[in-house]
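My structure is below; once you've seen it, I'll send some questions.
In this document, chain identifiers A, B and C correspond to the written order of the chains, with residue numbering beginning at 1 in each.
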Amino acid sequence: MGPSGGGKSTLLRVVAGLESPDSGTVEIDGQDLTGIPARQRGIGFCFQHYAPFRHLTVRRNVAFGLEVRRRPKAEIRAKVDELLELVRIAHLADRYPSELSGGQRQRMALARALAIEPKVLLLDEPFGALDAQVRQQLRVWLRELHEKISVTTVLVTHDQEEAMEVADRLAIINEGRLEQIGAPAEIYDKPDNEFVMKFLGPATELDGAWVRPHDLVIHNEPGIGGQGAWVERITHLGFEVRVDLKLDNGSSTWVQLSRGAAAELDAVPGDQVWVSRATPSKRQGALTEVVS
Amino acid sequence: MLRPAARASGPTLIVTYLSLLVLLPIAAILSKSFQNGFGSFWTAVTQPEALAALKLTLICSLLVAAFNSVAGLVIAWVLVRDEFPGKRVVSAVVDLPFALPTIVAGLTLLSLYGPNSPFGINVADARIGIVLALAFVTLPFSVRSVQPVLAELDRETEEAASSLGASSSVVLRRVILPSVAPAMLAGAGLAFARAIGEFGSVVLISGNLPFKTEVASSWIYSLSQSDQLSAAAAVSTVLILIALIVLGAIGLVRRRFNVGEAV
Amino acid sequence: MKSRWRLPLRTVALGYLALLVVVPVGSVFYRAFQHGFTAAWDAVTTPEAVHALWLTLLVVLIAVPLNTVFGVGVSLILARHRFRGAWLLDAFVDLPLAVSPVVVGLALVLVYGKTGWFGNWLAGHGIQIIFSFPGIVMASATVALPYVVREVLPVLQEIGTDQEQAATTLGASSFTAFRRITLPSIRRSLAYGVTLTTARVLGEFGAVVVVSGAIAGRTQTMTLFIQDSIDNLNPVGAYAGAVILAIIALVVLTVLGGDREGRKAKWRSPSDQSPSDSETLSPSTTSVLMSPMDH
C-alpha cells in the first residue's frame, strides 16, 4: 500500500514478470524467477480495469489459461464451472464482459487467474475502479475467498481502509522505498516513521510528537496533568466527535472522541480544557492504563 | 512487453517494404529534380507551361476546397440533424466518389456534362469541367471531416444561446460555426491536397489543353512520356511540397483543436 | 434547427448530391446499356477486356494482402513501442496520401526503370518491373499503403496492452496472444481498412498509367482499359467496363456502409448499458458465500 506513483504497481508487475527490474531478484517458493518471462512464472494477475477479453464470453475468458495449456475439454469445462460457482457468476457464463457490471468483471478476472492454479495471486488495485459500497462488499468477499482458496496473494492498493481490512501483512511503499512491513495493527500502533504514521491513519501533533487523535484525552480539570488548551470547534461526525483545540503554547491540535466521551466532557467552544496522551508515544513501546 | 512481430526480421521486413515502395522512390524524385543543379530545377518549374499548369491546379483546387467545405457542411448537417426515409442511402452516395475509380468518375462526368450531354451542357475542354471533377472526388473528405464533429455538438450550448435571445442565424454564426470551423478547415485541407494531385478524373473531361485546361499532374505525365524525367521530377517536387505543407498545417490544426480523424 | 430551414436545406443537399454524384453515375449505367445488353456484354468480353479484368483482380490479390500485413505490423510497432523516430514512420506511411498518383508512378520509374537507380542491377538479373506486372503491383500497393494503418492503429492504441498482458500471465506466448486476443479485437477496423485498400487498388489509374506502359493485352488494367476504350472511340466498352468497376465499388460501399453504422454504435460507451453492481452484489449474496465455511 502507498500513495499513487510510489512504485507499488511497478513492484507488483516486476513480480509478475511484466516489467524487468534494473537490479535485484524475484524468488517464488525458493525458485529464482528473475529472468523468466511472465507466462512461465505460474502467477495469476488481476488488473484494475479487469483486462477482460472482450470478444470472448465469460466462460471462454475463464477457460483461456487452460485452453492455452491444451487441457482436455472436459477438464476445462469442469474447472471453469467450479470457478464460476465459486465467484458466483455461473449464471453469466455465456454473457460477454461488456454485459457485466464492474464487480462482476473483476470476479470473472479472479476466476480467470485462479483457473491456472497459480502459486501467487497478484492483484493490482483490483477494486480501484468500483463504487465505494461495491468495494467494501468485494473486500469482504475477497477475504472469504482467500480463506477458501489459500493462495498466497499480494494486493496493491492506495486505499488505507482496504489494506487494513484485507491484509495479513502490510507493506507500506513510498517513493520507491519500502517504509515498513508488518501486521496492520502493529504498523498502525507502532509506525516506524512519520510518513507511515500520517499515511496509515489520522495523526496530529502534541508536544512536537505525532500522535493519534483518538489516543488523546481531554479533561475538564487540570489536576491529572496535561496541557492547557482552548476548545476552538466541536464537530460531530456521525459516531465520532472531533474537537479542535488551541493549545496554550499557540499550536493547534485535534482530538477524536466517541460520542459518549464527548457527552461526558460536555464542553463548548471557548471552554478551557486540558489534553494529554492516553498512551505514551510509540518510542517507549509499553502500554499504560488509559488515563480517565 | 509483447512483441508479436519481434523476431528481429519483423521490423526489418516492414522497413524494407516501406523503403522499396515509399522512401527510395521519393528520394529518387528529389534527387532527380536537382540532378542538373538548382538552376535547371528552377527552369523546369518556371517554364511557362509548367507555371500555367501549376497556377490552374492551385486555383481550381482552392476553389473546390472552399466550395465543398460549405457544401460538405450542409450535407453533413442534413445527415446529422434531419430525418427522412433513405438517409442511409444518401450516406452511401456521399462515399461513392471515394469508392469509385477516378477514371470512372471522370467518365461519369464526361457522359453527362460532356459533348454527348443529354442536358446540352458541355463543359469538356473547359476549366469548369476540372472544377466539377475535383468537386466530385473531394466531396467525401469535406462531408466526413465535419460530420462527426457536428454529431458530437452539445445541443445544450445552442439551447442556452437561444434562451439568451439569439436568433438562429446568430446561433449558427457564433455557436455552431466556431465549433465546426477546425474540422471544416481540416476537411478543406484534405480536399485541397487530394485535388492538386488528382489525375484520373480530370484527364478525360479536361482535354488537357496546354495553358488552358492542363493541370499539373497532366503536365507531369506528358513530361514523363517525352522522357524529360528531371523536369517531371522538379514539378513533382513542387506538388509534394505544397501538399506536405498543407497536410502539416492540418495536423497542427487537429492537435490544437483536438479534432479527430474521420477519413 | 428551425423547421422552416429543414426542407430548403434538405433540398439543397440532396440536389447537390444528385447533380454531382447520382445522375452522373446513373448515366454511366445508361450509356453502357444504351445499345442493349448484348452490345455491352460483347464489349467487355473481348480478349483485351477479359485480360484487363484478370490483371486487375490479380493485382488486388497480391497488393492487398501485402499491404494488410504491412499495415498490421506498422500499427503494432507504433502502438506498442515508443521510440524517437515514431512520428517519422507515421509520416512516411501517410506520405502516399499527399502525393499525386502520377508522381508515385514517376518515382517508381526513377528507381526501378531502365535508367533508374536499380535499372542496371535489375536488367542484369533479368527482372523487369516497369512496364510489367510487378511494377503495377508496386504502384497499386504504394498508393494504397496508408489505409490499413490508419484504421488499425487508433484501435490498437485505444485498446491498450492490458488484455495482451493478461494473456501473457495466463501462459500465452506472444504469438498466441496476438492470434487469440489482438487480432480479434482489431477484426472490425482491419476489415474496414482492407476494404478501403481494395477499393483504392481496384481504382488506381494515374500511377499505373505511368508505370505500366498500358500495353493492351499485357499490362493493361481495367482502369487503363476504360481510358483506352474512350481514346479508341469505343464508348460502349468504356462504359461497360466502368459498370463492372462501379458494381464492385458498390459492393465495397455496402460493406463499408454497414461497418460505419457499427462503428458509430461502438462510440456509445459500454458503461451506459452495463448493469450496476448494487443490483448484483447484495448482502444476501455475500452471506451465502459464507455458508460453505461453516461446514
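Everything below uses one rule, namely that a residue touches a chain if its C-beta (ideal position, glycine included) is under 8 Å from a C-beta of that chain, and two chains touch if they have at least 3 such contacts.
Treat the numbers as computed from the prediction; the structure is a model and nothing was measured.
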item	value
Chain pair that, of all pairs, has the most C-beta pairs in contact	B-C
Chain at maximum distance from subunit B, centres defined as averaged CA atoms	A
Chain at the geometric heart of the assembly (C-alpha centres)	C
Separation of subunit A from subunit C, taking each centre as the mean of its C-alpha atoms, in whole Å	50
Whole-Å gap between the CA centroids of subunit A and subunit B	57
Separation of subunit B from subunit C, taking each centre as the mean of its C-alpha atoms, in whole Å	17
Subunit C, residues touching no fewer than two other chains	165, 168
In the complex, subunit C residues that touch subunit A	162-163, 165-173, 176, 180-181, 184-185, 187, 270, 273-281, 283, 285-286, 288-290, 292-293
Contact footprint of subunit B on subunit C as seen in their complex	1-2, 5-6, 9-10, 12-14, 16-17, 20-25, 27-28, 31, 66, 70, 73-74, 76-77, 80-81, 89, 92-111, 115-117, 138, 141-142, 145, 150, 154, 161, 164-165, 168, 174-175, 177-178, 182, 199, 202-206, 209-210, 222-223, 226-227, 230, 238-239, 242, 245-246, 249-250, 252-254, 256-257, 260-261
Residues of subunit A defined as touching subunit C within the complex	16-18, 37-41, 43-45, 47, 49, 51-55, 64-65, 68-69, 88, 98-104, 109, 112-113, 115-116, 130-131, 133-134, 137-138, 140-141, 144-145, 147-148
Subunit C-facing residues of subunit B, complex	1-6, 10-11, 13-14, 17-18, 20-26, 28-29, 31-32, 71, 74-75, 77-79, 81-82, 84, 88, 90-104, 107-113, 118, 132, 135-136, 139, 168, 193-194, 196-200, 203-204, 216-217, 220-221, 224, 229, 232-233, 236, 239-240, 243-244, 247, 261
